[in-house]
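Presented below are the structures under discussion, each in the form of structure tokens.
The two complexes that follow have chain A in common; it is paired with chain B in the first and with chain C in the second.
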Partner chain A sequence: MTQLILALTVGILFACGAYLVMRRGKIKLILGLGLFSHGVNLLLFGSGEMILGKPAIFNDKANFLGELATRSFADPLPQALILTAIVISFGITAFMIVLLNRRDTLLGSEIMENELAPGYDWLVYTDDDLEEQRQKQAESKGNGSSKISGGEPL
Partner chain B sequence: MLLGFLASLFISGILLWWSRPHNKPIIGWLSVLPPGLITVWQVLRIPEIAAGNFYTERWEWMPSLGLDVSFRLDGLAVLFGLIVAGVGAGVALYTHYYLEKKPSQGYFYLALFSFMASMLGLVWADNLLTLFVFWEGTSITSYLLIGFDHEKAQARTGARNALLVTGAGGLAMLVGLVLLGQSAGSYSISQIVAADGLRESAYYSVAVVLIFVGAFTKSAQFPFHFWLPGAMSAPTPASAYLHSATMVKAGIFLLARMHPALSDTPLWFWGLLIFGGITMLIGAFFAIGKYDIKALLAYATVSQLGILTMLLAFGSEYAVLAAVVGVLAHALYKGPLFLVAGIVDHATGTRDMSRLAGLLRAIPLTGLAAVLGIVSMAGLPPTFGFLAKELLLENGWEMIGHGETLAGWLVFGGGAIAGALFVAYSLTLLWEVFLRRKADATDAAHVHHPPSFGFVLAPLVLVLLGTAAPFLLGPLALLIDPAATAISNETIHSHLALWHGFTPVLITSLIAIGSGTLLFLGRAHFRRLLASLPKNLQGDLLFEQGLRGLYSLARRTTRLVQDHTLAGHAAVVLLVAVVPVVAALSYTSISELLPDLTGEVLTGPEMIMALLLVIAAWATVRAKSRMSAIISLGVVGVTVTLFYVFFSAPDLALTQLLIEVLTLVLLVLVFYKLPDDKRPPQGRLRQAGIVFVSFCAGVVGFVLVLFNSSEAMNAGTAISGYFTDNSVPLGHGANIVNVILVDFRAFDTMGEITVLAVAALGGYALLRAPAARLLSPLLNEANTTEAEEMEETDRA
Partner chain C sequence: MNPNLLAVPIALPLFTAALLLAVSRWGGRQLIDLQRGLTAIALLVNLGVALALANYTLSGHRLVLQMGGWQAPFGITLVADGLTSILLTMAAIIFLAVLPFAIGTIDFHRERMGYYPLTLFLLMGINGAFLAGDLFNLYVFFEVMLMASFVLLTVGGQPAQTHSGIRYVVLNLIASLVFLAAAGIAYGTLGTLNMAHMAERLQTAAPAVKTLLAGLLFVSFGSKAGLFPLFFWLPSSYHTPPPAVMALFGGLLTKVGVYTLFRSFTLFFPDLLVAWQPLILGVAGATMLIGVLGAMSQPTVRRVLSFHIISQVGYMIMGLGVAVDGQNLAMGFGLAAAILYMIHHIIVKSTLILAGGAIQIEMGSDELARIGGLVSKRPLLAILFFLAAIALAGIPPFSGFVSKLSLLQITMDSGHWLVAGISVVVSLLTLNSMTALWRETFWGEYEHPGRLTPWLLDAPLRRWLVLGPIAGLLVLSLGLGLFGERFFQMTNTAAQQALDQAGYIAAVRPVEPESVAGPADYPAESPTDKGGHDE
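Right, the complex of A and B next:
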């Protein structure tokens, strides 16, 4: 039962995270990634048996063999993996936040969708675009020379 | 020894490059030494090889893969080895004069000598994989040599086509060679050749077809022949050496090498006969229509390669001897003729036959070399070329006599037609360039730069060797017989002679010469006919179109997969993740994965936490304001923390809580003040797409958890058992999670800390970066005028 509930929860977290990542908006990307990383952590958590109230800690180090024999505590390995994952995802989130902030101060507005920064048009690969670009280049060559000759102080 | 030779060639290439040979004639002469010494060494080996003592060498490279560097000097290897090293010595000298005073001469030497080493390795190799490595080596060095004049678009196109065609063929051949090696159980060529039962192997036909593809691409057989004329944009020494005397014969060499093991089946026979025959005829046919001397010689080479391919279809003594003599004769007349074409180009400034005339008188030594070469190319008696052609016709005649009428007549008739065409274009070349008094074109070219003796020496020596050869057939048998024996795997004792009496073969030969002369006289009509052929059937144009189609396909796929929006990229990544999950589901069913629910009660803290999580996640998605979205995310985080608390993970709960608070603070600090997004919402269709992809992602997450917790996947316990058992004895810690992190997997934690440090450094750098205008190229372009104005005011 617990597994089924966990599965449904993880599924919903994945769906919500994916939806937010794909929407436009200033922080939706970060929120989406946050939901996603929670989902992934819970997914990892589900690989061990979910046991209520029995952490993987020996109460008495001297007599640990007795506890080991029953093996009634939670699986420590997924926990160790998740611990690493939490910390790393925080590092990435923090960096993303700073990066988005930086982009915002640089451009004054968001460019995420269909808009390319000026001067970066060549990033678009389409046959028509390339053809257009060639024409533009040819034109600008003509214009450029006229600009130089016209712009020079007489 | 042999490997040492290859290394010495490579090293001398580098030395030549360093010595800047373009203004030091002595170095041009010194460059003859390495290939010359290798030639002499091989000549000294001939008697031993003729006696059946083959020189072998073997180094283990990767024994587990059957990969050795092994060489074996048998008759065939020494025949090709002599051609490669001998012609190579001549070409090395010639290069110095051809690339007179060009600073890039040293680079050409480096590429040339690297090629020579690859080609020698190829013909000496006794291991299929060794052979393949050297084979690819020749493709690459050939690319460098064709593209030597890389400022010219023609050279670049020619080089690219040659590399693509021979490279693709080489890869096909690799598969064929591996299949062959696997079915023979050995990659050693001498063992494969000696093995029985290869023809009955299940992989036989696939392997043979793939090896054909490799050989046909390399040796410019129809329909891959177009790259060879395109490769003529190489400097003439490279054309003479690679694209006439040596590299294009690598395919022939491979077929000859594999002949004992693979021949004598219908696939082998008809495959080689048909493709070789077509190549022979179209090559000879198109050669007549060319005005460029090099183009004419290139098509003639294609035709000759077709003849050699066709001959290898047979196993008879005549055919094998004809192939061996043909290879030798071709190297000794076509190589020098190319060199002569280069001298003519150098002396007059053109290779256009319509502008040339009477060069025999103007440059007599070059003319002598040319005349001797052309007579052999035409197959007029008593030359080496004549002998090769006689053997070819003899083979056809013998087949007819043995009742194999169809194949026999195909060879006999095709050989006779090709013979006539050979005569026609040879006479055209001889008459128009060297004999006639006046050129066709009004702007006739004149010799303004007569060649020095060193320039003419190489073609002259080679062509004199070729002329003398038919009169020295006795000693030559020492070279020819072992080579023929290696091809047919039966001991062959040739009794070659120029004169066989008045046989039907000789009469046919004479008729071919006669009709060739008639064709020569009527060549004007012939050239007009060839010029009127539709242009869009040319192989290189079709290839170009195919390439362009490939490029545009690539662009289309790129545009489809990367639509330069974040949503598009994310959608592609997520949908790709669906594929393996669906594939895994096809092995089991979802009902098997679902846990048994009978008798379970819906209680417990997990129900409440799950509900809370779902509601908070939904609130994050639907939040109207940025602040409420951030807070909802915080709620999700805290609920997950609770989850960890209940399910025995106190360390996780602690970490998660701390991180959650930090993230929340950062988000609020940075994003609270930023202005709102002013862009229009996404379109309906796009939104529907996003919802669909999100749904898929959700299903993936759901199924993954079920897979992860199913009985079959319970692989994790095996690993964690080690950690629980050894946490106290080895790690001396009671908290197993902590021990794993700081002890057992300490390096992972180290990596994790590194990631944090890098993120912190990056964030710090971004926050401290100077004002936008100075750094960002994209803004610089947009605000150029502004920046300029500012600079001006600054200056003022």
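Right, the complex of A and C next:
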């Protein structure tokens, strides 16, 4: 019965996640991805052998195969897997939220019509190097002596 | 050979990157120079280790490291065989080649935001994914690689970058979750996550388990590799970061997906290579065709190149499809040809992206309609781009010729005329697309749409930082083409090793916990896990 409820929950979470991810809007996207990862975490939880009332720790490294054979400790692997998966999905979700906010700040909208906002190619990002280069070239044109000998074809 | 060497390609980039992060927040350009120097040293050591591993494994050995002395299904296992070490070497070469280009072109802001530590984290994730001996660590290293690539893709924070970054993150995250679900199902049905142990138990598993697992892995790895219905994240994001970043991504990230497909299908499901052959070959053909047709319709240099990545991945999957097929040629010929193609593609694609990036920075734009006539100003760049373009299309004496020829040979030998025909047509269309690219960029009247004067290739030092790596990678491609037979023998060794499922299981030697009655049967220390107790 528990297994069935677990399976149904995983299925419902996947379905809701897929629906939300395919909707337009950033909050729905973030929630959808969250539901997806919860679904997968529950699936991982259900994948282990459930032993009731035992800690997920064994006593002796040299004897761990023996302890495993007598089922004297619970399966620690699903817990470790879920913990890792939670940490990873937490990190990615945080990154996603920052990224979405950053895009909205830059574009002023949640929906992007064009692939490239005009005038916002990464090259237009005039960096120090480019600026310096331009100044140096202007200077070298001015006083005639340049360290960077430009204009020569290779 | 000391198996602890296997930890170096993971630990070295990790610790170097941590060190760089510690110093990167303060100070100005002196510390950037320090970062560059340390990165160069780390990448050189990494290349040395990868070459040593390749030298050892390509003579037919496998190297296994059981972390902390734990026996195989319980501990973390790292495995290197021929395929792994070939790809480790390729990753090391590409990172080393892109470094001078990055020094020449990456702007100060991105460097200060941690470009160099991020590339090292990316290298760690890629190396780890190649070396991982169990499914969950493969997932973790995938995530390390993806996190580093998310940040590399969006650092700089341009609108195009953030917008494409969102698509990239979401689709890769979903693919990763499918992979994680596959890992959970593997643990639930097989009771293990160690790859050798899984392979052992899958031999007797129910067909439903096999189909489910293979399907989930094919979808998730295929989406990372950029296969036909799942590739759309790639061309919508790869053209937005700086060219140095795109060269790393285009050369290596999709190849990690291809590697995991090779590994999972040869190790877990060797029988499905036959049963699913129509599916694999169909996907391969569609990927090739859609990729090249997409490339022909694109308006900018880097978008064309990112569509060509997809079309080239199709060839590798075609090699996987005929891996155990063939009438007159030896078994494994297809996989060997696919591995050779992978080597060729990693080299040539990175070269082309670097050259395309140089064009873009030089001209201020890479829109084909707006640029032209660059050959009069930069003849050397024009020659290098032309050589790389014909290498991609498969003109001798470059590496594209031998690898495409061997793939075509095995596909025709096994009687798959339709896919073979598609691959020939795609080759022709690739040549057409590449010559069109060259013509639009270098031929005709000189048109320079950029607002700034051309600057990239003016300073002699920067010119060699930019053109040196391109020329060096082309020399590698030429070497691969000229000594094709020797390299094919190497990849053949790797392919035979990859197809030798029993050998892989024997090398890792997973213990069966159920069969071990008690402490008396605890397996003795094996020669492969000496050392490594300090982990």
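Here are some notes:
The criterion applied here is as follows: the second predicted complex is superposed on the first by the 89 of 154 C-alpha atoms of A that agree within 3 Å, B and C clash if a C-alpha of one lies under 4 Å from a C-alpha of the other, contacts with A are read in each partner's own complex, and residues count from 1 in each chain.
Rule of thumb we're sticking to: a residue touches a chain if its C-beta (ideal position, glycine included) is under 8 Å from a C-beta of that chain, and two chains touch if they have at least 3 such contacts.
This structure is a prediction, so every number in the text was calculated from the model and none was measured.
When the shared chain is aligned, chain B and chain C each come close enough to touch A:R102.
In the overlay built on the shared chain, the residue A:M22 is in contact with chain B alone; chain C does not reach it. Looking at the shared chain after the overlay, A:A69 reaches chain C, while chain B stays out of its contact range.
Contacts of A:I86 after superposition: chain B is touched, whereas chain C is not reached. Looking at the shared chain after the overlay, A:H38 reaches chain B, while chain C stays out of its contact range.
By the touch criterion stated above, A:A7 is placed in contact with chain B alone, chain C being left untouched. Partner contacting the larger number of chain A residues, of chain B and chain C: B.
The intersection of chain A residues touching chain B with those touching chain C, taken from the two complexes, comprises 21, 29, 43, 46-48, 64, 68, 77-78, 84, 88, 91-92, 95, 99-100, 102, 106-107, 112, 116-117, 120, 123, 125, 127.
Contacts from chain C toward chain A in the complex involve residues 74, 107-109, 136, 140, 143, 147, 150-151, 154, 156-163, 165-166, 169-170, 173-174, 177, 180-181, 183-185, 187-188, 191, 193, 236, 240-242, 360-361, 364-365, 376-381, 450, 452-453, 455, 457-460, 463, 467, 511, 513-514, 516-519, 521-522. Contact residues on chain B toward chain A in their complex (touch as defined above): 552, 555, 558-559, 564-567, 570-571, 574, 594-595, 597, 600, 602, 604-607, 610, 613-614, 617-618, 620-621, 626, 629-630, 633, 636-637, 640, 643-644, 646-652, 655-656, 659, 662-663, 666-667, 670-671, 674, 676-679, 681-682, 690-691, 693-695, 697-706, 708-709, 713, 716-717, 719-720, 723-725, 727-728, 732, 734-737, 740-741, 745, 748-749, 752, 755-756, 758-760, 762-763, 766-767, 769, 772, 776-782.
Chain contact summary for the complex, chain A toward chain C: residues 21, 29, 33, 36-37, 40, 43-44, 46-49, 62-66, 68-69, 77-78, 81, 84-85, 88-89, 91-92, 95-96, 99-100, 102-103, 106-107, 112, 115-117, 120-123, 125, 127-130, 133-134, 137, 148-154. Listing the residues of chain A that touch chain B in their complex gives 1-31, 34-35, 38-39, 41-43, 45-48, 50-59, 61, 64, 68, 71, 73-80, 82-84, 86-88, 90-95, 97-102, 104-107, 109-110, 112-114, 116-120, 123-127.
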